[in-house]
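Some notes on the structure that comes next.
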Amino acid sequence: MVLELDQYADGKAARLWSLYIGDQAQRTKNYKQFLKGILNSYNCETVLDVACGTGIDSVMLIEEGFSVTSCDFSDKMLKSAWSTRWNRRKEPAFDNWDIYEANWLTLTSDLGTERQYDAVICLGNSFAHLPDLTGNQDSHRLALKNFADMVKPGGILLIDHRNYDSILDKGRAPTRNIYYNSQYVSDIKTSVVYQNGSPVKIILDYVMSDPSTTEQKYEDNDRRKKSLFSTNPSDNEFTLSYYPHRLSSFRALLEEAFDHRATITTLGDFQPLEQAQDPAFYIHVVRKLP
Amino acid sequence: MVLELDQYADGKAARLWSLYIGDQAQRTKNYKQFLKGILNSYNCETVLDVACGTGIDSVMLIEEGFSVTSCDFSDKMLKSAWSTRWNRRKEPAFDNWDIYEANWLTLTSDLGTERQYDAVICLGNSFAHLPDLTGNQDSHRLALKNFADMVKPGGILLIDHRNYDSILDKGRAPTRNIYYNSQYVSDIKTSVVYQNGSPVKIILDYVMSDPSTTEQKYEDNDRRKKSLFSTNPSDNEFTLSYYPHRLSSFRALLEEAFDHRATITTLGDFQPLEQAQDPAFYIHVVRKLP
Amino acid sequence: MVLELDQYADGKAARLWSLYIGDQAQRTKNYKQFLKGILNSYNCETVLDVACGTGIDSVMLIEEGFSVTSCDFSDKMLKSAWSTRWNRRKEPAFDNWDIYEANWLTLTSDLGTERQYDAVICLGNSFAHLPDLTGNQDSHRLALKNFADMVKPGGILLIDHRNYDSILDKGRAPTRNIYYNSQYVSDIKTSVVYQNGSPVKIILDYVMSDPSTTEQKYEDNDRRKKSLFSTNPSDNEFTLSYYPHRLSSFRALLEEAFDHRATITTLGDFQPLEQAQDPAFYIHVVRKLP
Amino acid sequence: MVLELDQYADGKAARLWSLYIGDQAQRTKNYKQFLKGILNSYNCETVLDVACGTGIDSVMLIEEGFSVTSCDFSDKMLKSAWSTRWNRRKEPAFDNWDIYEANWLTLTSDLGTERQYDAVICLGNSFAHLPDLTGNQDSHRLALKNFADMVKPGGILLIDHRNYDSILDKGRAPTRNIYYNSQYVSDIKTSVVYQNGSPVKIILDYVMSDPSTTEQKYEDNDRRKKSLFSTNPSDNEFTLSYYPHRLSSFRALLEEAFDHRATITTLGDFQPLEQAQDPAFYIHVVRKLP
């Protein structure tokens, strides 16, 4: 028996998250161009971001002109999103931004199904945070079914996960990330738990480096950033745990969630799968049949 | 980060242990003949059992005429040993039985080193219960050094561990056991934790079957045995966790503990290694040079 | 040693709070008239509500035309305040409402002292939630000093507490409350902890009655209210703990916080003290000398 | 709600207990003479000590020639008793000493009722450790009934408790003790918990002084005693919690336990009640009618 350890929801991750994902301005243009390109190519205007966290993706999409609704399970994360929305409320696009606290397992009743969306997005390796509560992936099935129900006929679900096949093969997660430019992640300790031979959990202990002790040059006003780093080493660590979805079985779950009435295109690090060599992330574009 | 879970010391294991190891009378003759044979072949008379638990091995050796000193870390386990000793105190061999509560990491100061023994035994897969507290096996080294210090020159250390190489390969622990004839173990769930690709912990959840619901025939006076089984299913489970020693690295640790002044013979399920096919247990006979 | 138990901050209280304080519309006119009257009589326009909770008092004051800044330590409570502000953002008074997450012990650095207020209010028995962390009331002194520093010269601090002298004498807290018209509080179990003869903590276990099983008549749309009541009885209970401030010693703390440069008027249940017979609450109006 | 905190059973108390009760040799002669005198005056030969702890009273009675059976709920405490018995097993009186792990709430089934005793003793303020599990003293009633059932017709129950009436009046427990000569108790912090006006728990935090830093002179071989004191201050503290039995209500419980077929004589600090001024302990001698 291995206990669930995940600090996503308890505020510790929230505090360190802004460091982990790095400066918003440094966000890879690749990612933004990719996301915008996909949404445009499917003529999506309305987007439901079911894993908005502090709101970083949602804000980017609002700025690009999409009509965004956002939700997350963690109210500690949502505090940042609510704050951003309040500060920018005079901009009509932000005035129209709906943000909800919602649970994937009850998503359709939390949000109602009167409104469906051109695109539902669940990115940033968020889905793998959902544990397999019963040992038979029923929680995974229920969440994906709820996502599917929020997609308009002809619309898409955009969902990603790390390349767990590769992590399981190598026994280690890479420290770099296609989404984030974090200069502060100094180490990731990878623990993998197998039960009766099957991988059921990956636990990552992130160690953040203290910028004040590294040779990076910072200008004057990063005082607040530094204050995030305690002298107590354990305060620079946080733990996240994931279900290690394998590519083939995850695609099967997606098929099932859409009652096999969808087409699935899988990309590797934003590239067609055949061009991606051992990608860090898999991104699935699931188009619901009209 | 994975929490340590081990119910050896908390009394729950003690309660179920007598069921797990099965009826003392049914103990395999193989094991007894083997142990007696080894001790005799090295002319051992005095034996220190550093993992005596409830005393089952120590009692067998006392009955066979050895002069036995016993110790264990768990006072919950030792209660049974103390009780057996008290009940048989009129037999001179039991009147002379010394039993101590002791910690392997401080064994030489707990017991003193004035007295060394012809044989130190650490059997029943006991050593694998000692966790790797620091991540570099320092606790394993210290305990083995303390064992070595309690062995007379010319004497032996007898220590075993499950065949973890095989468990790691297969992802599952076998339910049967060379030492014990337990008819009650209905399932073992095997969890293996890898950190950065190296196995660091095996967690076994034992599920005991309830003899009252199985088709085994029991005579009248096993009422007390049955009462051990609660109707609450979780009361029939217990969890033990182990460090998965690999054969080659464990032999290297043994060499180091004796300052390379010892000869090591490794057996597989009581057989010479070359005759043992995928053995369940490895048993090391380490002879300290005279 | 008695553990701190207080569910104010963990969300459970937040969920039941709206039931405990009763329907906002039923709020006693007495309280509103009193608060407005006091603030007007001291010519207060700007108000800092340091214990805004879900925002109920702050909203009332905004609606009455005061310029309000609000803060609280519990982000679970603040979620309601943020939500109310967002929903009413088109009203200029709400568009100007500042709401902060802040800690009384660091209030002046959390909010800055550039801006002082005509009135600082800390009502609803909020102050008594602050535990005596060191055993010598240093935390109480620091918080009151911070409140005093936020008051303009000539402005007032309005702070209240239950009549703990009376509760200590009788051993029980009354279930009714001058502020709130809760019809749902069915019982309060009062525990008082004395250390070496001095009262140091009062623990109140609130039991909420389930309106669906009481004979009160409700109209159609209270479905959501009912759903707050679980069939599990413990879900209808919550625990709050307080420091039992005695009238005389609390007045002395107030004197000290203002460096004895203030006048203190104490009311009992909104009446002059001499007219109040065994009041439920004491309310202190502390005027900082200009 | 106030949590139960009592370190009697977890081994911490056991470790410090031998210091708290002081040197066995210094035990007050008063106590020994009193206990012996009472037992002799009622012609008691067989004694059941239901709260033997480490065995200090039982050993004293065995040495005085009584036939003693002992039991306790805490196996951590019993370890000392078992060890003493083993070390002195060549003395016939100790060879005959029965020691059981038993629970007062199931005492008659744990020990069987085939054998009754001339005297059942429950001394050293032990009974007050039993919490009121249900809020109506049912656990107290059951334990006392079980004690009564173990007493022979014509035999006695000897049971004591601190003078809680006095502690409740004064708000503090005295540090000195009629039973023990402990020089090491430097402070006792007394917490009293009242629920709805009735005292339901007294929590005593004992602080032990470190003999190495006090001016008491100790001879050479108390090295081991000193090592019990850690440099970590909290290691010199332990917490015990009691139910504060009042004299009148406790006598009523005793009457009920014996079905009103007993005579109760209550002493104050070993003196007739009328001669004892504000005694520290009440001791009840309950004679079961023949």
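Every chain is named by a letter (A, B, C and D) in the order it is written, and numbering of its residues begins at 1.
We take it that contacts are C-beta pairs under 8 Å (C-beta built on N, C-alpha and C of every residue); 3 or more make two chains touch, one makes a residue touch a chain.
Keep in mind that this is a model prediction, so the values were computed, not measured.
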- Query: Moving only between chains that touch, what is the shortest number of steps from chain B to chain D?
  - Reply: 1
- Based on CA centres, what chain would you say lies at the far end from chain A? D
- Between chain A and chain B, what's the gap in Å when you average each chain's C-alpha atoms? 46
- dist(centroid_CA(chain A), centroid_CA(chain D)) in Å evaluates to 61
- Task: Starting from the mean Cα coordinates of chain A and chain C, work out the distance between those two points in Å.
- Result: 39
- Item | Residues of chain D engaged with two or more neighbouring chains | none
- Touching pairs among all chains present in the structure: A-B, A-C, B-D, C-D
- Message: Quick check on the complex: what are the chain D residues that touch chain B?
- Response: 75-76, 79, 82, 85-86, 89, 95, 101
- Query: What part of chain D is in contact with chain C in the complex they form?
  - Reply: 1-3, 5, 170-172, 189-198, 203, 205, 239
